[in-house]
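Below: a set of structures, written as structure tokens.
Next, two complexes with subunit A in common: one pairs it with subunit B, the other with subunit C.
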Partner chain A sequence: MYRYLIVLLVMLLPFEVFAINAEDVMKKSQAAFLYQGKDFKARVIMKLISKGGQERTRELTMLRKNFGEAGGAQKFFMYFFQPADVKDMTFMVYKYPAKDDDRWLFIPAINMVRRIAAQDKTSSFVGSDFTYEDVSGRDIQDDTHAILKEEKLGARDCYVVKSTPKKGDVDYAHKLSWVDKGNFLPLKEEYYDKKGELSRVFTADEIKIIKGFPTITKRMMKNLLSGHRTEVTYSKADYNIGIEDSLFSERYLKQPPKKWIE
Partner chain B sequence: MNNPFYKGHCEASAPSPASCGETREFRLNPAWSRVYLLLLFFVLCFPPSIYAADVSIHGFFQGNYSLGSRANPDGGDFKWAEERVQIRLDASKEPFRLFLKTDAFYDHIDEKAQIELREGYIDHVEKKWDLRAGRQIITWGLGDLIFINDVFPKDYEAFFSGRPLEYMKKGVDAVKLGAYPEFAAFEFIVIPIFEPNNYTNEKRFYMFDPMPGVTNRGEKDPPSNLENTEFALRAYRDIAGFDAAIYLYRGFYRKPYMIPDDINSTTKITYHYPKLSVYGASLQGRALDGVLSLEAGYYDSRQDSSGTDYTVPNSQTKFLIGYQRQLWEDFTIGLQFYNEYMHDYSGYKKNQPSGLPKDKKLYQLATVRLTQMLMHQTLKLSLFSFYSTSDGDYMLNPEIKYNFSDHIWAAIGANVFGGGEKWSQFGQLDKNDNIYLQARYEF
Partner chain C sequence: MRKFSLVEFSVNHPKLVVILSIIITVAFMTQFPKMKTDTNPKHMLPDTSDVRVWNDEVDKTFGLYEDMIVVGVKNEKGIVNTDTLGKIKEITGEIMKIKGVASRDVNSFPTITNVTAEKGTLRVAPLMTDTPKNEGELKAFGKNLYDNSLFLNRIISKDGKTTAIYVPLEKGANGKEIADRIREILKKESGDEKYYVAGDPVAKDTFGAEMFKLMRVFSPIAGMIMFIVSYIMFRSLFLSVSIMAPAMIIIICSMGLVIGLGFPIHIMSSMSPVFLMAIATDSIHIFNEFYFRFREKKDRKAAILETMKAVGKPLIYTDITTAVGFASLLLANIIPVKVFGLGVAFGTLLLLLLSFSLVPAILTFINVAKIERAAGREDAATSRTSILLRRLGSIGAYRPKATVAAGAILFALAVFGVMKINVNNNLVEWFKYKSDVRTADRILNKSLGGTSLGYIVATAQEDDFIKTPEAIRYIEGLQRHIEKLPVVGKTFSVADYVKRINRVLHDDDPQYDAVPETKNAVGQYLFLFSMSAKPSDLDNVVDPAFKKANIWVQLKTWDVQAMRDVIKGINDYQRSNPAKIELKPSGIAYFNLVWNDEVLWDMIKGFFAALIIVFIILVFNFRSIKWAIVSYVPLLFTILLLYGVVGFTGKDFDMPISVLSCLSLGMAVDFAIHFVSRLKQRLKESQEPLTDALLWTAARPGKGIMRNAMLFASAFSVMLFAPLTPYITVGAFIVSMMMLSAIMTIIYLPALITLMQGWLFKGDRQNGKQ
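Now for the complex of A and B:
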């Protein structure tokens, strides 16, 4: 009888008392990294820097709205300022859990919206070292997760989680993530290729609290094999700004409202 | 000189030249010049701060040259050779927006400099509707260089001469009303002034002409009046994850058809643009790990409902299926298959004058587009090809484009034509193979 009572009491204790499991760490990390707020807006500047130091700039406004819980459906709207040959282009993504995205691109020179076929897994986002998946997230269920250890990264206590893709649908064999125990943001990620070599490294280089949400405002992805890296800065980041559902439509792809893209 | 006995296949591959003699130019007429100058004055004379508008100016400098594999009919070597500057002015103050896209260029072949208003319109945007008035580029339908429900004017000369693809679309002077109720979105377009397609220039391109001896040629445009005002409607919405649209159009063929004064001993040919209505639909969505597109249209040739008048095309049903998929990183393949079925074919066969080429009842065209991006998407290798499975002719367009920096890019490519008959779509362009260079500095 006492045995059952103890089990019951234990079950009523707050979850944190137990060592959190790896999948929950990654779920919380996904929520903190990609699903904060009802919606989100930022001016994104990406610097693509080659090994030799040649720099190219991609500048866009990114708008995101959640439709459901963390891990659920999201819609993205992007408006490009730079480079000059893609100025005024807009790009829209409907992201679904466990299903391929829908994507549309608007080409202003011929006033045409067209769906584009692209796969998230390995496609580079606008030529950068980030893949689409790095930008908009990967389904937690696509990987098996294990906490390898807990350690400090700088001054922050982290879980170090190893995520191994269940299918060979990506160009890495596994990933190590340093997830901040406090805010669950990924502070560092290491991608290992199929030969076991470290191929790409992600670092969160600046974190700001915006409307109460810890937000990575500077990040970098470095490809160790090519020496190419991409530095990303978010400015004018904001949450819960009341983006209407109607923004994510062909109408506004063709005529992006100034109030959202500026 | 010109060929347009040729009944229209898919518009994309219709190289028949336009209006007799003079290539029709799409330039500022005096009335538009005045409106344009007034607008420009209005925008430039007042510093933005005075009326608190948001003004931006962008554009490019461009060199564009296309060298033929053999001398042109008039002896020249180049199909295209020009330097061009484009200025895009965008000024907005909600709920209004003004957009002007103006090109100035120097054409080395005809040795002339010109200004061209490519687009110039005013937008008024409200929550549930918007209005765009002025010269605008409108693109409808799903085809990749195959147009069924895109009934708006095009410039095939630009396409066959190796100009950047955006120059294949011409603006129309029109009013567009957009309405966005909950259940669907609508675009309703009114075009008061008829604008035909532009086809290849007979001085620069070899083309089939069934009556090369007839030099007296004239053109008859539909006069601009209320009765001839063109209307186009597109309604679209999402249906189960697919983008669905229906299209209606009432206006004219934009390709000229010829009327000989006497078919047995022709001394004069008059080109005209027969009346046309189009009823169409399209569906596009994710399928088979890619994007699947379906589009169909019924072309109702209103001046020849029985199909017996050889100076007017017969009614047709057009159908397109397309599929696009990314096979590996930054490599995409696009496939299309197009069918064009001629109605009242027996009437056509009986009435088509002897000595003139006869179209098949069913015209078929397949296209393949391959695109590989490399070097962080700064280098693009692409190949577009048309092959008509019914006529046996083809066009190939390989291209390499490289972005040297965020502001400078250049592309070199080729247009290669052949196969089929001397009057078929691409077959007649056999002697017009060309290689081209496009180089642009954008700001």
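Now for the complex of A and C:
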């Protein structure tokens, strides 16, 4: 509520340009986008669509729990339904601020849990056009941020923030984000590669209010260079459902509790 | 007859004819600003051709790139050291910034996906995320590099001295321009490393660009040489100009026509100026005869009219046969080849028209005093060339049997040589041995898997079938079978990923370097792989429905024969391992094979068509099948001898040579037409015995033939100094063809006519008497 109050005050101020700096916008955006609620659950359907129109589908249940403030540690638990031959596969991520993730994967065919090394955060998430970083977030302090302008995107007033990575360890040169001034969700993002060409575009295509939290329930990432795109739909999204800490363990990777994954 | 009226008209209104010619030429020239060029040899096959449609479909299904440049880095002291690895990382980064490079799929140490197990942790990540700094890191890196069988011969040579950066290009990017940018980047580096830029787009686009450059340089040089040689022959600047004028006009008009019709100037048509210039030398027969006649008559106009009467008919037929030779290319399926045939055939027919209008018109302007001096040397009885030619002719006329016997032996040898001909084509060998392009290719092919790339697409009958262990094993078996071929340097497929992951998941136990037992295991491994790898890693080897798989085949040579061997290998494998999977070749190596075969087949088709039509024209010309057969002999003999030599020297029968075979036909027959026509005229006009008439023909029109051959050959000899081998081939082929067919005509026609006089003159004599 405090947040909204600030926003309200900011909007009333005549010198609004100076009222909020770019880093704050991005921090708020991160909180609204990736840290909403204490925990979160959704059935995720990802459609990976090639330039030629061929589709691959990924279907999974995603569980997330926050450990600390926005920008802090989080744990993810994913259970796969599709493709059919990976049914029962589970994937767990411990996310830490300013440190590499820990990841585990359960492979049912050989009944084995394997740790997976966190690598390049800009690598693809399950073969989609989203990177791991797009899914779990990027540390705010890894980039320098600047508000380029404020403009309307559709009916929504947005800040347009340019984020430039401090190190050249990612495959893009800079990113432009259109952050909704009202709910701070990113409505659109443009990634520019090192040749200065627009390479990827993220769009939030449907936003629903779930338990009071504005949530992007449909999103798309399009790779303009390869023509490949990924459409993601969240269904059965819910917040603050009381996920126990113990879920995020190797034991439950092998035998995920039905009540959470359904 | 009509043609004589044209000559008379031209002689009576020379200024009008000259002005008209200029107006027409200028009209065609107005088309020049519309000129478009197309340097891509690939466009020889239209977008709709089966192979391009199929290759495009495969590229789309598997997210592949039509073109790939391979950059080789070689360090004699070994690649694995901080300095060299740092450079590789830097260079890769720079290359990825070039416009037109598909950066996301550049494969090199810093970008290629590696699957490893470290202390129980599975790692799917680029091989070299940071440059190794110390001994320990270098050692670990070396282990990663050499342990993964997917890398061996692909990005690291067995001896550890060579690595490659694979640079795929976006559709429509120009390979030469990107290769030039890469070379600029490499130039900045210093140290022990040597760099090589290779691959099909480099060869093709460089070739296309070089070809245009060469034509711009060679056409004027060929023109200059012709000008100089004709001056030496006739000692008259005016005559040299008169010979060049029709040549220039037909070049301008023919190019204007092609441009005006909206065709881009392609590699083939860029050669037409040189061809047209050579063809224009045909008008030399007019000047040759004019000199003799002028010396005899001393009257300009009368000499012109008589000259045209004497050489008119053979000129018509020689130009028509030449035009037919080129027009036979219209039968081709390949559009640029058709356009080339059309342009040159048009130019040749225009030359014919000019020979009867502009050339006689120009001759009326000639300075009588000067020409008298020059023509004074022209005496068939005393000039040195004529004496030599008479001697040549007498070999055949006096010793016909020995001559024919010697010919028979040569003939047999040539047939033997022809049988040894090897049909092949190799784009890279179109460059000279020491050229950058070819050197780079040779070095990389020696140490790595190969710069030429082909694919084998395996298609199952149902979705998800590729995930079955059965399908994976089938693909693996195919790879092992194909790898037995010496031309195959490396193959890789989805099977390699599956095996690699199986092994890594089982703590790098070599025992698990195998295909797992169940479909679920395969599916889960591949899913796991796709969770972290670049999307293209999996896309490149399987389609999204897992109905199709793509097997990469790196070839160590650009010989089209290599892909033919691979296809044969595929067929063998299918025969001995029946399965519900269909296998089809694809990729650039396959394209080159199809392209080559198509051109070759087109040419052979054109060759036989021209062979038949030329014969029919000869029959029509001489109104006698017998004379047609006799005048056919020098042509056949010349072509056979040339191909015999091709067979003996082991030179591949490749695309340039096949193109030439068509063209040579129409040109090589010219001399025989001149010879026989003039001989028959002579026999009719003077009542001298056959032997004398033969010797006269060898000495006088023979001089025209020799002059024609010399001029023609000198124009083409320029090509011998070209930096691209097809030009040298074309030059050598045409020079020897002209010289050979001239000599064949002057030696063999007298011999054959002497031997067969009874048969040949049977009808004529009776006719004469009745």
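As a working rule, the second predicted complex is superposed on the first by the 243 of 262 C-alpha atoms of A that agree within 3 Å, B and C clash if a C-alpha of one lies under 4 Å from a C-alpha of the other, contacts with A are read in each partner's own complex, and residues count from 1 in each chain.
In this section, contacts are C-beta pairs under 8 Å (C-beta built on N, C-alpha and C of every residue); 3 or more make two chains touch, one makes a residue touch a chain.
Computed from a predicted structure; not experimentally measured.
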So, after the overlay on subunit A, do subunit B and subunit C clash or fit? They clash
After the superposition on A, what does A:L225 contact: first (subunit B), second (subunit C), both or neither? second
After lining up the shared chain so the two structures overlap, which partner does A:A117 touch, if you call subunit B first and subunit C second: first, second, both or neither? both
Quick check for you: in the superposed arrangement, does A:V126 touch first (subunit B), second (subunit C), both or neither? both
Would you check which partner chain A:P165 touches, where first means subunit B only, second means subunit C only, and both and neither mean what they say? neither
If you stack the two complexes on chain A, which partner ends up touching A:P97: first (subunit B), second (subunit C), both, or neither? neither
Of the partners subunit B and subunit C, which touch A:Q82 in the superposed model: first, second, both, neither? first
Where does A:Q255 make contact in the superposed view: on subunit B (first), on subunit C (second), on both, or on neither? first
With the two structures laid over each other on chain A, which partner does A:K194 touch: subunit B (first), subunit C (second), both, or neither? second
Do any residues of subunit A touch both subunit B and subunit C, and if so, which are they? 48, 50, 56, 83-85, 109-110, 112, 114-117, 119, 123-124, 126-128, 171, 228
Residues of subunit C touching subunit A in their complex? 60-61, 63, 96-99, 102-104, 118, 120-126, 129, 170, 464, 467, 505, 516, 518-525, 527-528, 530-536, 538-539, 543-545
State the interface residues of subunit A toward subunit B in the complex, per the touch definition above. 48, 50, 56-57, 82-85, 87, 100, 102, 109-112, 114-119, 122-124, 126-128, 171, 228, 246, 249-251, 255, 257-259
Touching residues of subunit A toward subunit C in the complex: what are they? 48, 50-52, 54-56, 80, 83-86, 89, 91, 105, 107-110, 112, 114-117, 119-120, 123-129, 171, 193-195, 225-226, 228
Within their complex, subunit B touches subunit A through residues 54, 58, 60, 92, 94, 97, 123, 125, 130, 136-139, 142, 165-166, 168-169, 178, 180, 185, 236, 241, 243, 284-286, 289-291, 293, 324-326, 328-330, 332, 373, 376-378, 403, 405-407, 409, 440, 442-443
